[in-house]
Amino acid sequence: MTQLIKVAVTGASGRMGREVVKLVLEDEQLELVAAVAPTAGPVDAGTLVGLGPCGITVSPDLESALRESNADVLVDFTVPHAAYNNTRTAIEYGVRPIIGTTGFTPEQIEELNGQCKSRGIGGLIAPNFSIGAILMMKFAAEASKYLPHVEIIEYHGDQKLDAPSGTAVKTAELISEVREELRQGNPQEKETIEGSRGGYYDGFRIHSVRLPGVFAQQEVIFGGFGQTLKIRHDSYDRAGYMPGVSVAVKKVMTYTGLIYGFEHIMD
Amino acid sequence: MTQLIKVAVTGASGRMGREVVKLVLEDEQLELVAAVAPTAGPVDAGTLVGLGPCGITVSPDLESALRESNADVLVDFTVPHAAYNNTRTAIEYGVRPIIGTTGFTPEQIEELNGQCKSRGIGGLIAPNFSIGAILMMKFAAEASKYLPHVEIIEYHGDQKLDAPSGTAVKTAELISEVREELRQGNPQEKETIEGSRGGYYDGFRIHSVRLPGVFAQQEVIFGGFGQTLKIRHDSYDRAGYMPGVSVAVKKVMTYTGLIYGFEHIMD
Amino acid sequence: MTQLIKVAVTGASGRMGREVVKLVLEDEQLELVAAVAPTAGPVDAGTLVGLGPCGITVSPDLESALRESNADVLVDFTVPHAAYNNTRTAIEYGVRPIIGTTGFTPEQIEELNGQCKSRGIGGLIAPNFSIGAILMMKFAAEASKYLPHVEIIEYHGDQKLDAPSGTAVKTAELISEVREELRQGNPQEKETIEGSRGGYYDGFRIHSVRLPGVFAQQEVIFGGFGQTLKIRHDSYDRAGYMPGVSVAVKKVMTYTGLIYGFEHIMD
Amino acid sequence: MTQLIKVAVTGASGRMGREVVKLVLEDEQLELVAAVAPTAGPVDAGTLVGLGPCGITVSPDLESALRESNADVLVDFTVPHAAYNNTRTAIEYGVRPIIGTTGFTPEQIEELNGQCKSRGIGGLIAPNFSIGAILMMKFAAEASKYLPHVEIIEYHGDQKLDAPSGTAVKTAELISEVREELRQGNPQEKETIEGSRGGYYDGFRIHSVRLPGVFAQQEVIFGGFGQTLKIRHDSYDRAGYMPGVSVAVKKVMTYTGLIYGFEHIMD
């Protein structure tokens, strides 16, 4: 019989944390052993997320939760500052951290990697747990080796503050690393409406569309010789992260050291 | 028995003129009676376009061609200056002009309209004969009344000089005429890469993609309340104009005066 | 000062009813005057839908709710049998019914239309309140007059029971009414995998895709002469109905008689 | 200085052969040394394809052309029977065959592979030289490991005889080899219009759209957990094969033995 993986969840009352609690409660290979949320009060974690009671009471403090729970893995989708401390605490207790937060410095990652190795456990920090988005980025980079003419169009809700999106910039970086040097377009090109050709990145263009009714979408288009190749990812809600979290929880049991980036735990 | 419509074609050796000659030769309701091309020499018009001989010899001069041919309609896809003179000549001979050239001034159009009316004949000047593109623009304007959040993305070959395309600007104008006043997007929005949000037009955005392997495509996207509506036209070659030319040749026989814009002869 | 429109909502504790209650509470031109839900108990309607208390207590009975509330309009997204009775009750009280339920017989619609006229009020029954979907159907029918070669592809969640979707069939009907007689495709066409060419409807084809992660999408594609025209509607959740409900509530105040189909109240 | 690769072309007056002759004449790393076309007569190969004269006269016979030309590579886009004989002839003369024809038996491929190895030269037989299409198939197979819910939609011209297309079937096979066993859709699913759910292949569905104005397009859609991933290839004309031919001519110089399938010479 396979042993269940014991999971602790921080930020359990937050939007993503609640999804993680649900995921753990519904996955037959996982067991919820702790749920931490500083201000939620001592409610049942199952009740908190709209499922029936599960017998685990939400705790305000990570350290005491880990001391009592014997967790294998901690899943944390909180904010950068909290996440760093939570990660350190988890490693001290020998609990593998899976962190869905950006904002770690390279030095912090290096330090946490060293701590994981000392404890002989794995860990994962990833800004993006969406398998579809990660495949899109991977395929886009690969295609750019053969079809170097490329543009990126990303779509988000109309209240998003920054353009282009983090995913678009990350995709552009991955393409730039492997694509041949190429300044696309007609050198004499003129914009009669400024900005219509989009944002310039290392020879190609990025376009950011902002419309209500859109959650998060991106299309990478390659053109050449009577053909186009398009790789598109449409995301409708944050639940799209959960299959990735599920893969990560199982995978983190199998290696030692801290990995940065979900793509590096895919085969 | 229906009478055939007698068609003369100017610029018969040009890219578009050749397509028109083919169209006329292959349409059972049309009869080619004259083909004009200043420098092609006295070849058979059918042979010129890669079909068998048709008995009409290419003529270097429009006036003599019209004098001898008793044409009903002249189709002209030449350049602005030539087109203006050809249109005047046609009307003088009582031949209905169908002109696929931009660059006419409002005064010229007014004047030619008066001449058509005096002669009791119809005429058409249209920058765009693509039925699909015209439907796209019409639907986009109509949708913007109900779903005012809109962006335009247009795609052309990577050697195109100007951005955005004429069709995109025309579409934006048609939308602006009927859409409620609305400045889309977050007022605090910031571009970390300049231009990524596209070109600004009356409260919404236009994005121009340039890639090899693309001929001419445009998508108009409307967003709102958990839904998006997209209207997209993909054009693969100039042959896309021909169904519109065919419709125009038949329609121009049925009205008096010069109409500007293909959309105005659609029901 | 404009007078607020007084709205009653039936099925207020149901999935759609809750959305309607929210819509009414958040629209400055509307006032919630009654919320009916047989089994919800006497809770505040605002609290029921996750907003703050609004001062309207949910009532178990439509008739007493209407007697006391002086509503202008009743919005009903319940089930066919209940909807019919609710509609009759509303009309008796001089309250304009807006009904988002299918299953009325032509005789029932005729009868309710007569009753609306007798009372001098308007009414609306519509199976689909999605403005985007209705525009898609309208544009598709119009395009099929000019570009008669068409196929429909619809996408729904993988647990949907029936194929094609009601919207796809409705679109096909609207196209068939106006499109020229045309049996598309090669007469010698052969399927090496049965069904790959999709479902046959009056000369053209319908394809039903079923995948998890999709809510409701449809694309109507027209092809001809080096071009394609695509009209696509993507719907992500039921909230997509609410803008249509909002339009309907205001519009129903302006006419007399019962209209069937949201498209008939659009300009 | 890099040595030019000497290229012979069979079927030089055919649709694809002409494209190959053009490609070779315009690529600075390649040199046209022979062009074979049984019935074209002794014309200049450059003139034949609409470029200026190139000094190579079209020959009616492959064997004499190879004897005189000292070619490194033969490119052959003829018909199966001719292609087999041409391949054998090429190998006898130590000329590397690049064959864009289907219809070889496994035994023939094995035999030709042996002959290539004996002569110490490379060779390539590939039904598809479109880099974009090959990337689409490769990415589709890879994505199906992570997102096993998949459907294929392919689009071709309305006069195509068979459905689904060869590319769709090939894609389905590649997916089936790596995807987990999964019968998609609701087991109680019912078609109210027969065939609307498409063709069944190993648990998933293939849809074939046929419309005028389409050359060859395919979209593979993956769905799951609030997201979809789409990989789409649009092909507008046969010129789309040429970049692949160009890659193949250079690559075939670097290995020994006959490779079947363009994907196997990609990195």
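The first chain written gets the first letter, and so on, giving A, B, C and D; residue counts start at 1 in each chain.
One rule holds in what follows: contacts are C-beta pairs under 8 Å (C-beta built on N, C-alpha and C of every residue); 3 or more make two chains touch, one makes a residue touch a chain.
Source: prediction; values computed, not measured.
In this assembly, D is the chain whose CA centroid lies farthest from the centroid of chain C. Of the two chain pairs shown, C-D and B-C, the one joined by more C-beta contacts is C-D. Per-chain Cα centroids separate chain B from chain C by 38 Å. Annotation: 48 Å between the Cα-based centres of chain C and chain D. Each of residues 213, 222, 224-228, 236, 240 in chain C touches at least two other chains.
Taken pairwise by the contact criterion, the protein chains are fully connected, each one touching every other. Across the complex, chain C is touched by residues 213, 215, 236, 240 of chain A. Listing the residues of chain C that touch chain B in their complex gives 130-133, 135-136, 139, 142-143, 145-147, 222, 224-240, 242-243, 247, 266-267. Of all residues in chain D, only 149-151, 153, 155, 158-164, 168-169, 184-186, 188-201, 205-214, 221-228 touch chain C in the complex they form.
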